[in-house]
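By letter and in written order, the chains are A, B and C; residue numbering begins at 1 in each of them.
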Amino acid sequence: MSDQSTSRAHPLLGVYGLSYSWRNQPQPESSGERKFGRGPTDRGSSGLVQVLNQVSFELARGEIIALFGPNGSGKSTLMKAAAGLLPLGRPGCGGQVRCAGIDFLSLSTQRRAQKIAYIGADLRAEFPLTAEEAVSLGRTCSGSGLFHPATRKDRERVQWAMEQTYCSDFRKRRLDRLSGGERQLVAMARALAQGAQVLFLDETLSRMDLNHQAAIGSRLKGLAQQGFGILVVSHDLNLATEWSDSVLLLKDGKKLAQGPLREVLTQENIGQLYPDADLVMGKNPKTGAPKVFFSVSG
Amino acid sequence: MRKNETLGVFLISILAWVATFWLALRIGVAHDVTPEILYGLRLPRAILATAIGMGLAVGGAGLQALFTNPLCEPYTLGISSGAALGAVIGLSLGVDGIFGGIAGPAFLGALLVTAILYLIALRPDTSSSTLLLTGIMLGFLGTSLVSLWLSLSSSTGLQGALAWLFGDLSRARFKGAVFLLAVVSFLSWMIWTHWRALDAFLMGEESAQALGVDVAQNRRKIILLISLLIGFCVGAGGMIGFVGLVVPHFCRRMVGALHIRLLPLSAIWGATLLVVADWLSRVLASPYELPVGIVTALVGAPLFLWMMLRRGEQR
Amino acid sequence: MKQSRLRIVRVLILFWVLAAFCAVNFAQISVPKPKRVITLAPSLGELVADFLGNDLSRIVGVSEYTDYPPALKSFPSVGSYAQFSLEKVLSLKPDLVFATMDGNPRDTVLHLKELGVPVVIVKTESLGAIQESIRQVADALGMPEKGQQMAAQLQRGIDRLKADVGSSSPKVMLQIADQPLIVAGKKSFLNDALEILGAKNIYADSELPYPKPSFEDVLRKNPDVIIIAAMGDDATLFRAMATRWLEFKTLNAVKNHRVYLVQSDALLRPTLRILEGLSVLKKVIYEKK
């Protein structure tokens, strides 16, 4: 266990030289996708597809990073690999992840879940779980004893998580009776219930309506102020820029740029990510946050 | 609060089991019940039905969680076919044991299939769909081999094997039944201790991993336990279907999908269902006996269909 | 993982220890003059009824299809010989049960023994074994002399039939069922019967008592005589079997019009009545057309 001073000195999350590859990944056949350069083009001699190539970045306490990139640039893979969800032992894979100075990848699965909470785009609802039960699953990593299924601390944490994400109203409703957006709120609550300081949101807001997105956005800002570190993948550039501090641009498995919003979100950088879109940079008249405007010709 | 409700549900369920157990002891083919009949025939059968019903229900619930698929059955993994194959071979070779030559070889057959599944599950990047498909294929292979073996062996052995294959609790002996109950209870309890992992699996493997569950390790352990459980159950009573599929479904409606309550309740209702099914198999066409597997199918399949229909309506 | 492996090993050991413990040794209890007898096969019903003569009330239960002597048809049934009800048997409180290895489920019979019921198990895989079974049944009923008499009678009958057997040694196929085709094979007393009558059973080389060959195999073996053993009163089914063979014009049996339908309740029961069946068989095999 690192002592207090060292943990404060290290960034909340440090990812160094993360690489990941798949074997024999077939290139997509559709001509449309080929035109837009979909998919990593790096093909090793052994038939390996290098999805991530030596990506490094740091996430500070209280920082919200928005992760942007075209389809197939490796955003999801980056998050999953950094969260320890992908095995890094294969050829073409590797890298280091440090959480407040500790070697994250050498921890047990349970300890990892206590440090980084990864949430995907949807919750599977094959079984009749209520929203509350689904959120309580977030306490799996807390390791309460066998005969004490829910301690007071567990219940309080679940309660808090549901309040943070506006789920309390439908706590007793079954998952399969919730809308897509509501399920995403539950997913977020579950992640918060894990008690991790680092949150990875992998397109978790994609189905929420504008109200909820805005509300969750401000919640995230609040959590960051409490010391959380948050990494968000979103396809909605303009919305994510409202509550993120910095931006990480990923292209073809490599980091293109990283830094504060206004510095990195330039016409040039965005143009490199999305070369086929007609772009104009602008600003939110109220907050001054950089915005990207696309126009469609014809 | 919720706790009192749950307690009530469990009490009623246990009462249901007690009632069916009593029924199975009281009513049967013979009208004049001697101690031999009661203690030598009916009691061992009721105990055996309790044990097997318990095992199949817990095994079914565990498999459904493991594969995030509510339609999973103990037979989906092909373990019952392996057990059946082992037993048929054992019968032909005249191996003698507690249940007249079946439990040991059946268990070995189930273990063989489990070993194959285990080897496949050892690789860290195996998905559940691969496992499921492998299980189905092994099931086909096992059943085909059983048919092959039966067609090549002498006719008297065949008669015995055919009756057993579709579920036959008539061979129950007291000591063997009690022993099986102990084994099933032990294995079920071991599976129950994995309730946290099973709960996490309910939302998918990736989800479970993200929640902090070592998917590969837990999957291996749970599969091994369930395979042992099913091996013992099929070895003792033949292939009995629908218990593993229907009972967990039914119990989820009563206490929810979380396994800390689901597994014990499924155990109770699995036992109850099979005690009733065995009783029916004895009394419906006496002095002939219907194979228990057919009775559970006749009881379980319409029940399942009704549940599917209700589910559709509630949407 | 090691921990659970250890646990499993312990379970396995427990399993085998208990299995050994549960293996029961049965002492054969003998009842000098049984008053409540149950027979688990029609042939056994016949034998016992034969020995008991008018004292049929000592039989308290029979298996299904026990129809000879006809009086037995109305006796309480314990189920078919392939699957009889233990509970029914026990509820009749027998002091002696007769079972046969040729048809009764082995484990159920063992179970009966375990429950303390005296059981006599007979074998009928050859004519010699039938004689032995006759003696066994008579002994168990406390009438050894009757047994000796009947066995001797059987022997005399067999000897008589053997005496003037021709030397032609025709190739015979004895069919006992259709769809699937079932014939008499090596380990059945029917095979023994055919041998004694000097015929050559084309399936004498099969290890099974009642093998199920394919039609093609029969065509290959080309029997000179085909005998279809019809059971019961309804011969229409068996007649259909006979007509089917007639379509295979290459068979010697068909060419020489030697496909026979024989009413054979007597032939198929391993009792004294088999003599009747045997003489019919002999006539049929050596019939000059």
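Structure notes:
Assume a contact is a pair of C-beta atoms (placed from the backbone, for glycine too) under 8 Å apart; a residue touches a chain by one contact, two chains touch by 3 or more.
What you see is a predicted model; the values in this text were computed from it and never measured.
Contact with chain A and chain B alike is made by no chain in this entry.
Ranked by number of C-beta pairs in contact, the top chain pair is B-C.
If you average the Cα atoms of chain A and of chain B, the two centres end up 42 Å apart.
Distance between chain centres (mean CA atoms), chain A to chain C: 76 Å. Rounded to a whole number, the gap between the C-alpha centres of chain B and chain C is 37 angstrom. Listed for chain C are no residues, as none touches two or more other chains. Shown for chain B are the residues that touch two or more other chains, of which there are none. Interface of chain A with chain B (complex): residues 83, 85, 87, 108-114, 117-120, 123-124, 126-130, 133-134, 137-138, 140-141, 146, 149, 190, 194. By the touch criterion stated above, chain B contacts chain C in their complex at residues 28-34, 36-37, 40-42, 96-101, 103-104, 107, 151, 154-156, 159-160, 163, 170-171, 173, 175-176, 179, 183, 186, 190, 217, 220-221, 224-225, 228, 282, 286-289.
Residue ranges on chain B touching chain A, taken from their complex, read 64, 68-70, 124-125, 193, 195-197, 199-200, 202-204, 206-207, 209-215, 252-253, 256-258, 260.
Within the complex formed with chain B, the chain C residues making contact are 1, 4, 7-8, 11, 15, 18-19, 21-23, 77-80, 82-88, 90-91, 93, 102-103, 105-108, 110-111, 114-116, 182, 207-210, 212.
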